[in-house]
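Chain nomenclature is as follows: A, B and C, assigned in order of appearance, with residue numbering initiated at 1 for each chain independently.
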Amino acid sequence: MKNIAYLLASFFILTTSFGIQSAPLSMAFDADPVSLDPHEQLSEGTLQLSHLTFDPLIRWSQNGDIEPRLATHWEQQDEVTLRLHLRKNVEFHTGNAFTAKDVIFTIQRLKRSTDFRAMFDAIRDVKQVDDFTVDVITHQTTPLLLNILTYVFPMDSKFYQGRDEIIKHGETFASKNISGTGPFILKHRESGVRLDFVRFANHWDKQSKGNVDSIKMTPIRSDSTRLAALLSGDVDFIFPISPIDIPRVKRSPNIKFIGMQSTRILLLHMNQARRVEFRDQRVRKAINLAINQSLIVEKILKGFSEPAGQLSFSQFLGHVPEIKPVYDLEKAKQLMIDAGYEKGFRISMMSPNNRYIQDERVSQAIVAMLSKINIAVDLKTLPKAQYFQEFDKRSADMMMIGWQSDTNDSNNLFEFLVACTDPNTGMGAYNASSYCNAQIDERIRAANVEMSPSLRAKLLQDIERILAKESAVVPLLWQSLAWGAKQNFKIENIVNEQNFPHIGDLVVE
Amino acid sequence: MKHINKEQVISTKSKHWIHLWHGFLSDKIAVLSLLIFTFYCLISLAAPLIAPFDVRDPSFMSLENSEIAPYWIDGDSRFLLGTDGQGRDLLSVILYGTRLSLTIGIFAVVIQGVLGICIGLIAGYFGGRLDNFLMRCADIQLSFSNMMVAIIVMALFQTVFGIASYQHLAMYILILVIGLAEWPLFARTVRASVLAEKQKEYIDAARIMGIGSGRIMFKHILPNTVSPLLVIFTIQIANAIIAEAALSFLGLGMPVTQPSLGSLISSGFSYMFSGAWWICVIPSITLIVLILVMNLLGDWLRDHLNPKVYKD
Amino acid sequence: MLHFLFRRVIQAIIVMVVISIISFLVQGRLGDPVQQMVGQSVSLEDRENLREELGLNDSLVDQYMRFAKNAIKGDLGVSYYYKEPALEVILRKVPATLELSFSAIVLIIVISIPCGVIAAIRPKSLLSKALMFFSSIGLSVPIFIIAIFLVYFFSVEWQIAPSFGRGETEVIFSFWETGFTSWDGLQHLFLPSLSLALALMPLFVRLIRSEMMEVLQSEYIKFAWAKGLSPMRIYFVHALKNTLLPIITVAGIQAGTLVAYTILTETIFQWPGMGFLFWDAISRVDTPLISAYLMVVGAMFVITNTLVDLIYGLVNPTVRLSSHGL
């Protein structure tokens, strides 16, 4: 009898406290951050960690607007100066108060980081105006300055001071210790196995409805194991869901599926330095025509991606709506005949097998498609750790790469993927086509300083048109992101196309 | 006198085998196993002739046909066992995969056998320090499990030479690695037989007649070890196929472009929860049945030939 | 006896030297360590100086001697990925693997002994035939297929067991984290240890059966019957005791297989032990970790085998003779 009363009582407490009750979250992602240093590697894992333990100055909201975080508001002082007003009464996990000094410290550190430097080279200096105001001064007019500032997660300068060296793959203070202002404090880390967080009680954002009090994050690399973990109720929230399993997830009543189109473009480079055949525009065009992007999306990605005929996603300024992926096998065969390669030729191709969604299957499908125009492909697929070494060496005639614009803008794609390779400026660093067109480089430079959106759009769209006309690369698709969670986890409100879920704001019912 | 002796030996031997064969025919499970195994061998040999599609021609993959369920579910008569995620006819890939798995299994065991028999003969025949040394090597090799050795060696091959160049040689490396990993089993069995035969008079007689040791070993001693070797041979092929499948499952075996049964199961694993179960289940059953019949055959042989297999 | 002991130790050392040479070659052969340490912009001259400093220009023998000296001190290099001494990384994962193997061994003992004994004492009964039939099939199903189907049914379809990881663990002393102390930890152990056990069990059921059948024919069992001892006592005490010795020998050999199988099981269940670490290290090309794993596992094998040999030598003097080729 007593027991029943007790049960009833606890049930009553449970139901009345509903809504303000906090909940633990157990999540499984495909990778964990390689280091605790937010500036060691520019990667999804690092930035996801940054969004948990740090707060950005500003961030992208779900609908693509810029949302104030540690910077409350800002105004343009002159052509090259942006004044940022910082949030007051913000505390780091160590208890240190957040001030302008931390922002200056962080931006200067970013300018030293090998991975972030390219983006922050645009900033000439950061000056303190008072304790909660800084001026960001650029070399020239920089239309994308705000986009760049979404990467500034102020670090606790008192905590890191004097022990803030950045060493890639090295053991440093910052790679083992972390202090930010973010909604969660890192409690425990076992690299490759788990990360434990607890909610930061003194977090400044009291408006947030988020009620996750602790996070257990596990990296699970195998798609099937990760999905099994969600289906069996072991974890509450996973990313990504393999397209193959999406129908299954949708069938499960307790699990919800959230899909979102991302701007990450997957493409193939045809190396003109290695293969004389690829210098012939007709051959490149034939390859573009022989590859059926829509079929790849439909069959391999189960419709969860967008077939691409150009690099810029439709939200980007450079997007040209008329350029669509075209599949025309007859025309492709004719072009091969015209080019004198009716009998075809044999090429080598490499792709990663654990980097992009279904990358291995996509590349296998491409082998089959190219065989229809008599191009025999020797395909090798490698894990990403080895693939990117080979990519840097340009080891194969055809190589796959995916790129997400760091600035949410077309020009970042062009600078890295199709600009003439220049080791001094870092332009064309990922151009494995050895394609080089002065007209494109000229427009990339012009777009970098053009403040008028309409003129910029024209420059960027011109680039897309030239690329399409010359069939410089083979755009394949824009990837989709797919998350899965238990029904009571309202992840639909906190995920975004950058794939930096704002878990601080996650509501659990 | 000697000649008569030899003929007598042969006739009793052949009688023994005939007797065994009759016994075999009366055991239904054994006969069925042998039939299934023969069937596997035949389809492997004839894979290029009977497979509906040529898997080596990449144009046979066609995405339009991906994930079609087997004939008895989907009713698509082009693909008896359905298709995989790439639109490859599952029957054809399984035929080629079985061919590959069996080839690797048999050749690996041939290497084990040749190596093991030679070492066993030498150790047993010459004895002394050489024998001691060789048998210690065998002990040490046995103390590392063959699967462990294979996994480590394959991993080293991949890291040292890079996956790119490894993929060309995958099949040969697999044969070599699995082949080199388990010779001691053969060596010990042969050595034990040699030690037993060596005591017998006819060997002494042969030696006195000045017949060379090589000839004695291969012509006179080796034939007496046939029955235990046959048992080991059967069971070891099954083990080699399992080892290859496990390596492929870990991504250390055959590349996706030339799938063995193990790599088919491995890539089918990702379809397990999606509803396209046949991509994983059918190759799994093919593999299990193959290993099962080999084990059953091995069991029968062991029970009826009753040889001494030295495992410890 | 001392002579025997001495020989075995020498042998163990030779084996370790061979393993260390392989590890050394792995570490040295893969890529240029200088390339890993510095960026693209460092000049050729600086690189050459660094090579000289690191001793990469010395002869291979000198380099190996240095490697061996460090290895004896327990320094097996620093993992690229974990940025910690490779040996420490591996040792931290040892408890997870040991706990998994231990649970599997317990399951094997608890299940295979009764099954084997039943199959031996009533060879004609339906139950025995069923047992033998399933053990034949069990012997033929590769462990990764067992694991996949266990996950499919127990985790995904019926949702009664977790499918990955160790769950809640508790630190007992220094680096030893155990999953035995919590219900959650035990639940997480269930599927991985079951797959390991199922993969190895059939062999033991068959072995126990055949050994037991032989023992049951022996004189002293007949004598025990004649004395009127209870059947349970005869089967499970007198007969079983005498079947166990050869079985333990086989079990010793199967220990190696168990380690190999943990790599497969840990990979499928994402069990954070040595096997999973090794598999991860391969895909990350973490050479120092791969070569350290080789050394650690090699040492484990060599030490256990030498110990087993020595104990056997003490218990059973004929072993000494047989190892001398007679």
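Points to keep in mind about this one:
Everything that follows uses one rule, which is that a contact is a pair of C-beta atoms (placed from the backbone, for glycine too) under 8 Å apart; a residue touches a chain by one contact, two chains touch by 3 or more.
Predicted, not measured: the structure shown is a model, and the values here were computed from it.
Relative to chain B, the chain whose mean Cα position lies farthest away is A.
Just count the C-beta contacts per chain pair and the biggest one is B-C. Averaging the CA coordinates per chain and comparing them to the mean over all protein CA atoms picks out C as nearest. Computed from the mean C-alpha positions, the centre of chain A lies at a distance of 48 Å from the centre of chain B. For the pair chain A and chain C, the distance between C-alpha centroids works out to 40 Å. Work out the mean CA point of chain B and of chain C, and you get 24 Å between them. For chain A, the set of residues touching two or more other chains reads 228, 231, 383, 386. The multi-chain contact residues of chain B, meaning those touching 2 or more other chains, are 269, 272-273.
Chain C has residues 152, 156, 283, 285 in contact with two or more other chains. Listed in rising order, the residues of chain A touching chain C in the complex are 34-35, 114, 168-171, 175, 190-194, 218, 220-222, 225, 228-229, 231-234, 354, 383, 385-386, 423. The touching residues of chain C, counted against chain A in their complex, run 36, 39-40, 78, 80-84, 151-152, 155-156, 159, 161-165, 268-270, 272, 277, 280, 283-285.
Considering their complex, residues 223-224, 227-228, 231, 242, 244-245, 247-248, 292, 295-296, 299-300, 350, 360-361, 364-365, 367-368, 371-372, 376-377, 379-383, 386, 390, 395 of chain A touch chain B.
Looking at the complex, you find that chain B touches chain C at residues 123, 127-128, 131-132, 135-136, 139-140, 142-145, 147-148, 151-152, 155-156, 158-160, 238, 242, 245-246, 249-252, 262, 265-266, 269, 272-273, 280, 284, 287-288, 291-292, 295-296, 299, 311-312. Those residues of chain B that touch chain A in the shared complex are 57-64, 66-67, 85-87, 162-164, 167, 255-257, 269-276.
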